[in-house]
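Two complexes come next, and they have one chain in common, subunit A, joined by subunit B in the first and subunit C in the second.
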Partner chain A sequence: MVAPLIPLEQIPEAWNNVFAVLLGMGFGFTLESSGFSSSRKIMGTFFGYDFVVLKVFFTAAITAMIGIFYFDYMGWMDASLLYINPYYVYSAILGGLIMGFGFSLGGFCPGTSFCGVAIGKIDALVFSLGLFLGILLFSELYGLFEGIYNSHFMGGSKIYDLIGMKEAVFGALLIFVAIGMFFGATWIEKKVDKVIY
Partner chain B sequence: MNRNYIVLVVIAIGLAIGILLMDNTKRNNEIDPETLAVNYNDPSRFLSIDEVTDRLVRKDPGMLLIDVRPAEQYKLFAIPGAINIPIDSLLTSSTLDLMSMVEMDKVLYSNSGATSDQAWLLMERLDMPAVFVMEGGINNWFKNIVQATEPSESAPQEEFDVYSFRLAANQYFYGSSDKPKSAEIKVVKKAPVVRKAPAPESGGGC
Partner chain C sequence: MKRDGTFYINPYLGGILLGLVLFSTYYITGRGLGASGAVKSSVVTTVHAIAPEHAEQSGYYSQFLSDDESPMNNWLVFEILGVLAGAFFSGALWGRLKVKTEHSPKISSRKRLIAALIGGALFGFGSQLARGCTSGAALSGMAVLSSSGIITMMAIFGSAYLFSWIFKRLWI
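On to the complex of A and B.
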């Protein structure tokens, strides 16, 4: 964390947690001030009255992607050295289903639930307790899940390699998809009845 | 539709077209981190002060001694024969031209070695050939060359050899020292004239 200052020992390792807390507080503050601590706002994506979550995450993704493309092109960074999360096919699908189910049922994702707890929301508190219960159950029953958890490992694979597309074409397409999604989402928002929350 | 949205969409489309037009040539010419780590841990990147001094005394044209400290510190005191390139101007194009010379050993030093280590990392990442760090920096040089101390009497012969080399190097750079080792010079006093008592005239006795 806080690379490259800590790995190069410009800042002692012990500061890691201090930075983690400060960055976490900043992240939480931004989430809360943008209204992400409200489960109704988050649920808007599923009911079609508020697509802000989808827009925020899509914007973050394409901003980072454009940045990496251009920084790599200018020689400021080497994109081939980036760490890519390893891809376990079944884990990703199952985890995605469970996460999505919990997300739509409770109206929070882990980060926003802690935001909700911080401002004293009872539903967020219950959601967070459930989260810890889930962690405990998973840890205790790890032996049962281990086979599925580690199956179909595909390493740090990239989506454009898997579908055999050129990197630049995929990047440009994703930007066009994002633009289309923004207008589509706004169009749906207008069609759906406003929900006051 | 909101005008801001149109501007943002135009920017996004422009960036997307830019991505499509990029060629795939690699512009980042840094060495890979694993090689960097291996080279960093290789002790042969250090040159001892005696080695550097020896090459300075021999006026070795294949070595360039570079002081990476700020200019003010360089003016205050520097190793004779060193040139000053502060660490913040290492990446200028003229310096990089100098650093990329294969036939020249570039030896970096700073006060203790921390700044020269950083400078070495910068140069190594850019794959500059034959860059070294003088071990211990100018502090070590000052302690062992300028203020060379005599080893104890029971020290092995090699230490005495090193000491005499350092002493000679010191005299080479700074001439013979101003003050002689023994500060007091005894003024030889005029030898007292011993006046002998006049020999008694011989005169009998018996």
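On to the complex of A and C.
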């Protein structure tokens, strides 16, 4: 087992921030090249005229998932050392619902708004300013939300354990569902009137 | 390939490239990508600079403060500097560098900017409650099949789908 490299000290910790910049560049480049610097292109997923977000998002998640499966299976990476976001049931759901509401008004998510800022979108810059204000508001009102923020903690739970499925079965199912969604999305795109943006 | 700003790479190619970046991030650092965390670092730093005692006594800011280093010395802050550079490079390559406010012809720029500000504030608020946004919670979480990431992802897209139709006039 050699990976993950930094937690296993295969590379000095001092390199971590250098990799942060390089990996961030790859992240920003692929998002912008895919069209995520445009709010109206992003919103196409919800109205059916452009499913680029759905296609890129699920292809990316599945590609990374397969890579992690494979490297773990071959013994090249210890997947049990990877960070899993702790699962607090209510805050995960409520936070997601609030983010979705913000998404429908703002047309960006945080990562995509930075891509918009980088190429000169004023609306993305204002969205980023909103992010700052929203995070400030949450931090100041933390006392009010502390209860829900910390309630129903389930640790670093995995989705296949939660629904009682084998990891490989769930992974395969996810790939089939994604491919089905890609065909469905392409079919809907052809039916829906084009939107010029 | 046209370089007038209208060219985008194939979405499946984009997805595979993004997946490889995400996989490399896990392979090297043991963690996924993120975005809202960098804004949180700048909020914590700003509040700590203006009102140090307030920040140290707060139940939230204090979790991200340490005596020996600034909250800006954070992996996600460096990653976001990279995102800005990478997106700028892509915009330059495909001819998309242009200062403008993008909005539907049915609404004014002013209305678009007000909606963007409120939308950003809600997104920022929600990202703190859910401990991550579309990048850190949803995308990175899905790659490792985390319950938190996948539940948050479904909540984000489900709610965005519903509210988008309510606010349809902002978009189409």
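In this text, the second predicted complex is superposed on the first by the 173 of 197 C-alpha atoms of A that agree within 3 Å, B and C clash if a C-alpha of one lies under 4 Å from a C-alpha of the other, contacts with A are read in each partner's own complex, and residues count from 1 in each chain.
Basically, a contact is a pair of C-beta atoms (placed from the backbone, for glycine too) under 8 Å apart; a residue touches a chain by one contact, two chains touch by 3 or more.
Because the structure is a prediction, the values reported are computed rather than measured.
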Three-chain arrangement built on subunit A, subunit B and subunit C clash or fit: fit
Which superposed partner A:Leu81 touches (first subunit B, second subunit C, both, neither): both
Contacts of A:Asp72 with subunit B and subunit C, given as first, second, both or neither: first
Which superposed partner A:Ile175 touches (first subunit B, second subunit C, both, neither): first
First (subunit B), second (subunit C), both or neither touched by A:Met25: second
Partner chain(s) touched by A:Gly100 [first = subunit B, second = subunit C, both, neither]: second
Partner chain in contact with A:Leu129 - subunit B first, subunit C second, else both or neither: second
Per-residue touch tally on subunit A - higher for subunit B or for subunit C: C
Smallest separation in angstrom, by C-alpha atoms, between subunit B and subunit C in the superposition: 9
Residues of subunit A contacting subunit B in one complex and subunit C in the other: 62, 77, 81, 171, 182
In the complex with subunit A, residue positions of subunit B that touch it: 5, 9, 12-13, 15-20, 22, 26-30, 32-33
Subunit B-facing residues of subunit A, complex: 62, 66, 69-70, 72-78, 81, 168-169, 171-172, 175-176, 178-179, 182
Residues of subunit A touching subunit C in the complex: 3-7, 11, 16-17, 19-35, 37-41, 43, 46-47, 49, 51-52, 55-65, 67-68, 71, 77, 79, 81-89, 91-115, 117-124, 126-140, 142-143, 145-146, 148-149, 154, 156-162, 167, 170-171, 182, 195, 197
Subunit A-facing residues of subunit C, complex: 8-9, 11-12, 14-33, 35-36, 39-40, 42-44, 47, 58-61, 73, 75-76, 78-91, 93-94, 96-104, 109, 112-113, 115-168, 170-172
